[in-house]
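Shared between the two complexes below is subunit A, which has subunit B as its partner in the first and subunit C in the second.
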Partner chain A sequence: MEHRRTKAAIWAWTLFVLVAIYLPIVCGALASFNKSRYFGFPIRTYATEWWQKTLDSIEIGMIVKTSISIALLVTVFSVVIATFGALAFARYEWKGRKLYQKLILLPIFFPQPVLGLAMLLGFNAVGIQTSWMTAVFAHMVWIVPVVTLIIAIQVYGFDASLEEAAYDLGCSRIQVFREVTLPLLWPGIWSGMLFAFLLSWSNFPLSLYTTGADSTIPEWLYAKMVAGYTPMVPALGTMATLGAAALLLAGGLVGILARRRAAA
Partner chain B sequence: MLLTSPAALPDPASPPKPILQLVGLRKSFGGFDAVQGIDLDVREGEFLTIVGPSGSGKTTLLRMLAGMDTPSEGNITLHGELINDVPPNRRPTCLVFQSLALFPHKSVGENIAFPLKVKGVDAAARKARALELMRVVRLPESYFDKNVMKCSGGERQRVALARALAYDPEVLFFDEPLSAIDYKLKKTLEKELKDLHRETGKTFIYITHSLEEAMVMSDRIGVMRAGRLVQVGTPEEIYGAPVDRFVCEFVGEVNTFQVKRGPDGAWNGTDVPGTFTLQPPASGAVLDEAFVVVRPEFMRILAPGESADNRLEGVVYNEYSLGSRIQYQVRVGAKVMLVELSRGRALPSSADRRVTLGWDAADAFTLES
Partner chain C sequence: MADLAIAHPERQAAAESPAQLRQDRLLSVGARCALPVALLLGIGFLAPLVAILGYAFATPRSFDVFSSFTLANFATLFDPANTVWLSFFWSCGLALFTVAILAVVAYPIAYGLNMVFGRWSALISVLFVFPLFVSENVRLYGWVLFYIRNGVLDGSLKWLGLPGGPEVLYTPGITLFGMVYTYLPFMLFPMTLGLALVPRDLVDAARDLGAGRLFIWREIELPLAMPGILIGMLLTFVLAIGATAEAKILGGQSIIVISHDIEIAFTYSQNWPLGSALAVVVTFFIGALTLFALSKLDLDRMLGKR
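On to the complex of A and B.
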């Protein structure tokens, strides 16, 4: 009965991992439905009033708008820079490429709170007033390398002679990029976009130092946890999580549909 | 007598004018000289195959002709115009890649119509031309919307060919496109390619490491070794009058031995016993030592009383079936000679049989050793 025991062990482990990952999120969601103002289990009365209050709050509206603005700008800029960066990373042979491949990895390994502090000091030194726009830059310092690596994997995966063939068949350099390079890199660019948005959306340490007077969702959650807790904190946290999950789901769906169309 | 029909041979009296001329062409990568000085006139409308072992520089040569590499030295002219620095998209030439380089995100039809799309031809005309080309390369019309990655190896070859033809180039280059194809299909595609060459009248330059492939298709063959063209000639010339040992051995398995001129002027074997009657070397050089090459298919096993210009005594120790022919390995002293006989002339029992090998002087080559 060795086999049955192994199977049971696998199931138990899987269950444990799932609980460890999702129980905290469920707790957060439950806390947001507490009628009482104070955090605590068991919950005596359930209510949706804190969700309503969160949705009605002008302050939270502004914060969500700031978070979305930062994430969208980071996504657009990162993907453009990272696409060309990935081609330099994985396609072309050039002097200094090895060094570039290593240097681009460094920001990923650098502790983010230190990176955030360093950038705040840097902005002050050159006299730039920090706001949500400086946070866009700060996020990109960390996110562009990540997206570059994601797209570089896609670049490694396609045959360079496809570009040569297109060039040989009469394409200009721009036509080669539009007709061959871009469509073939698209799956990588698409996952890069999702990553860029989600990494920016959930970033706390870089935002903390570099948004100045503006505030993002993670910053607001932290500030309210430290002082002035209401169930709006778990409510907004749950909304942010659901938003990210919806984006991922939609992203995955687009990917599947695109693959279906390509396979037809 | 051999391999190529007379119709495919260029008329030596009025050789067609060269379409491509290569003069002193060289290419170095860092310290490595991949191509070391090539002079060649490519005739308009011919099927020229460059053949050579891997690393002989044939792909580099082709890439320079297609515009993907720039020569380090020397000139390439097309219709008398220097094209060294003309990029591939401005050359009336097209390369069929070894990998075929079909666009995986486009259908069969979109792949074939691609060069027309780039030229700005409208969609309806593109489709019509693509379907026409699909007929030329024998692809069914229903394949137009098929995913190109779902096509078989042979079908992909045809798509790549049709796409190249859609570009309507004056010269088509082929970089070993048949190397990954199984034998039987390869034979079919070789013949189709030759037919296509005749039908289109375009100049084809093909590179391969397989001389067999080259022999079947080409009007002329250039044999390349270590960045140089060793010999350029018709398949007959390459087969029947190889300029050196390399070309000779490249063409197929051969019997070789050394000879030395004796005091009386006769050729005596150095590594086989006997005195031999030889043709003077094709180069016209006067030699004291030479290297003799006899192809296995010209070596005979003599019946008692049968005559031949040259003979060797030996013992059969192995035989192999080559399908329509049988190859015997015959030990002559320390050397092994190969004899190929058609199945009808096979020896009744071969093992350890003493035989007399014979060949006529006209069937052997004398080369500088």
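On to the complex of A and C.
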């Protein structure tokens, strides 16, 4: 009896926290459909004109393009580097592994605003002009370790004797990697790709210091929040959130379908 | 099999040597796989820290990195009249409270993800991960819209004929609230991994032997889940020390946190060497804490066990 009550309490608490987590996102969506320029609740007149203005804005179009370019490049580079990084993390037994496992965590255990500033100083010291391309590099410093951990979890569940069997059957190193290692690690790599894209898409502290004259969506939103609020701020914020949700949903479905097909 | 081996001794040798070779290479394959990551972190993480260190010893208000050497920046920082220490205490205090509150908030959820939610676990995990993909600015600004005068809370209460919501925005308390909100996933997921390390048989066995629930929690669950809980606490603490968005957006700069001080030195006061010196102090503090904690962990056990 008592046990059931505990379970109910845990469910209730979890749902309460989930509601609290999504509450501000819902508030933003509400504000974006407000017709008047200044937010007041309950909303008197609902309108989609701020969404329309956001979609029509050339400035915002450029910012969205910058954000997407950064996120795509970060995804491609990070996943390649992190796949090998994860093999070194979890698959192979080698001398420096224990040390490597800890060092790779350091960028995650580091405040991003300080990391962003440090990178700005570094770029400045060697005379590199910051732009959206330096931001790609900056994002990777934080995202590659995260993706490495995600893929490493897949690598731990991976049966190394399958690779050995392929070698014994005469496969070359590249064949083994392409035909055995990659397909087995694919679910982890796929999650890693989604994480890489979405973490780059939503990153603010690293972008702030390393994009130079270019601007990403979170940067633009912050600038307008501090000075010059219009309902375009919650509108673009909500669009970015919906975009991330759509990508996560599509990515999750592809992952599930691929697993079904592999199982069949 | 034995006579086959005798019949073709040279073939056996040939079959053995590639395996032998692979065995030899296996030692360095790992290192080679780690190389791209190591290069990236060397250039992108270590080198900037060296640059900061270089700037920290440069002449104040100059850009003469690596060409001048002075301790003047540190002298300025350690001057008791400097308000930097106040920021540092605010950051540490807020971070400690964030960790303590989050440990209590996240524990039941982490427990539920492991033991209660069953097939719903995956979906609930995704729902907790997703906010990481929404910029913290957007989420924190949503709270501003919620708490602001005539906002969602205030407006709803007035609409119901009540006196209206409390004025909580732009206070240290709301900054703490924002930090608890932002860093929840960073406590929750390591904690969940940690609780997954607790073998259920052990808990069942203890219960069969008549142990009470509190006893099981204190003597079995908590110690076995400790690595994960500690990682979660460390991660939240470190990230909360460096947090700025909460104090700026929700706190309305009613308090200045340490990263904000660093930022001010870099932007408004254009004193990169002073900002760097402050960043070096923060980095040493965080680095010492992280390295100490990480040296005590076995990551293979934490991540490998499913």
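The rule we apply is simple: the second predicted complex is superposed on the first by the 250 of 264 C-alpha atoms of A that agree within 3 Å, B and C clash if a C-alpha of one lies under 4 Å from a C-alpha of the other, contacts with A are read in each partner's own complex, and residues count from 1 in each chain.
Methods note: a contact is a pair of C-beta atoms (placed from the backbone, for glycine too) under 8 Å apart; a residue touches a chain by one contact, two chains touch by 3 or more.
Just so it is clear, the structure is predicted and the values come from calculations on it, not from any experiment.
Engineer: As a test of reading the superposition: which chain, subunit B or subunit C, is in touch with more residues of subunit A?
Structural biologist: Here the partner covering more residues of subunit A is C.
Engineer: Taking the superposition as given, does A:Ala118 touch the first partner, subunit B, the second, subunit C, both, or neither?
Structural biologist: After superposition on chain A, A:Ala118 lies in contact with subunit C alone.
Engineer: Of the two partner chains, subunit B (first) and subunit C (second), which one does A:Trp201 touch, if any: first, second, both, or neither?
Structural biologist: In the superposition, A:Trp201 contacts subunit C only.
Engineer: Pick one for A:Met225: touches subunit B only (first), subunit C only (second), both, or neither.
Structural biologist: Only subunit C; A:Met225 stays clear of subunit B.
Engineer: Looking at the overlay, does A:Pro187 come into contact with subunit B only (first), subunit C only (second), both, or neither?
Structural biologist: neither
Engineer: Considering only touches as defined above, state whether A:Tyr167 meets subunit B (first), subunit C (second), both or neither.
Structural biologist: After superposing on A, A:Tyr167 lies in contact with both subunit B and subunit C.
Engineer: Which partner does A:Ala152 contact after superposing on A: first (subunit B), second (subunit C), both, neither?
Structural biologist: second
Engineer: Just checking: does A:Ala90 make contact with subunit B only, subunit C only, both, or neither of them? Give me first, second, both or neither.
Structural biologist: It touches subunit C, and subunit B stays clear.
Engineer: A:Gly251 contacts which: subunit B (first), subunit C (second), both, neither?
Structural biologist: Touch status of A:Gly251: no partner.
Engineer: Which subunit A residues lie in the overlap of the subunit B contact set and the subunit C contact set?
Structural biologist: 167
Engineer: Per the contact definition, I'd like the list of subunit C residues that touch subunit A in the complex.
Structural biologist: 22, 26-38, 40-41, 44-45, 47-52, 54-55, 63, 65-66, 105, 108-109, 111-112, 116-117, 124, 126-128, 130-143, 145-146, 148, 150-152, 154-156, 159, 181, 184, 234-235, 238-239, 241-245, 248-249, 259, 262-263, 266, 272, 275-276, 279, 282-283, 286-287, 290-291, 294-295, 297, 299-300, 303-304, 306
Engineer: Which subunit A residues qualify as touching subunit C in the complex?
Structural biologist: Of all residues in subunit A, those touching subunit C are 7, 9-11, 13-14, 17-18, 20-28, 30-31, 39-42, 80-82, 84-85, 87-97, 100-115, 117-122, 124-125, 137-138, 140-141, 144-145, 148-149, 152-153, 156-157, 167, 198-199, 201-205, 217-218, 221-222, 225-226, 233-234, 237, 240-241, 244-245, 248, 252.
Engineer: Quick check on the complex: what are the subunit A residues that touch subunit B?
Structural biologist: These residues of subunit A touch subunit B: 159, 161-162, 164-172, 175, 179-180, 183-184, 262-264.
Engineer: Show me the residue ranges of subunit B that touch subunit A in the complex, using the header's touch definition.
Structural biologist: Residues in contact with subunit A: 66-68, 87-89, 93-95, 97, 99, 101, 103-105, 114-115, 117-119, 147, 163-164, 167.
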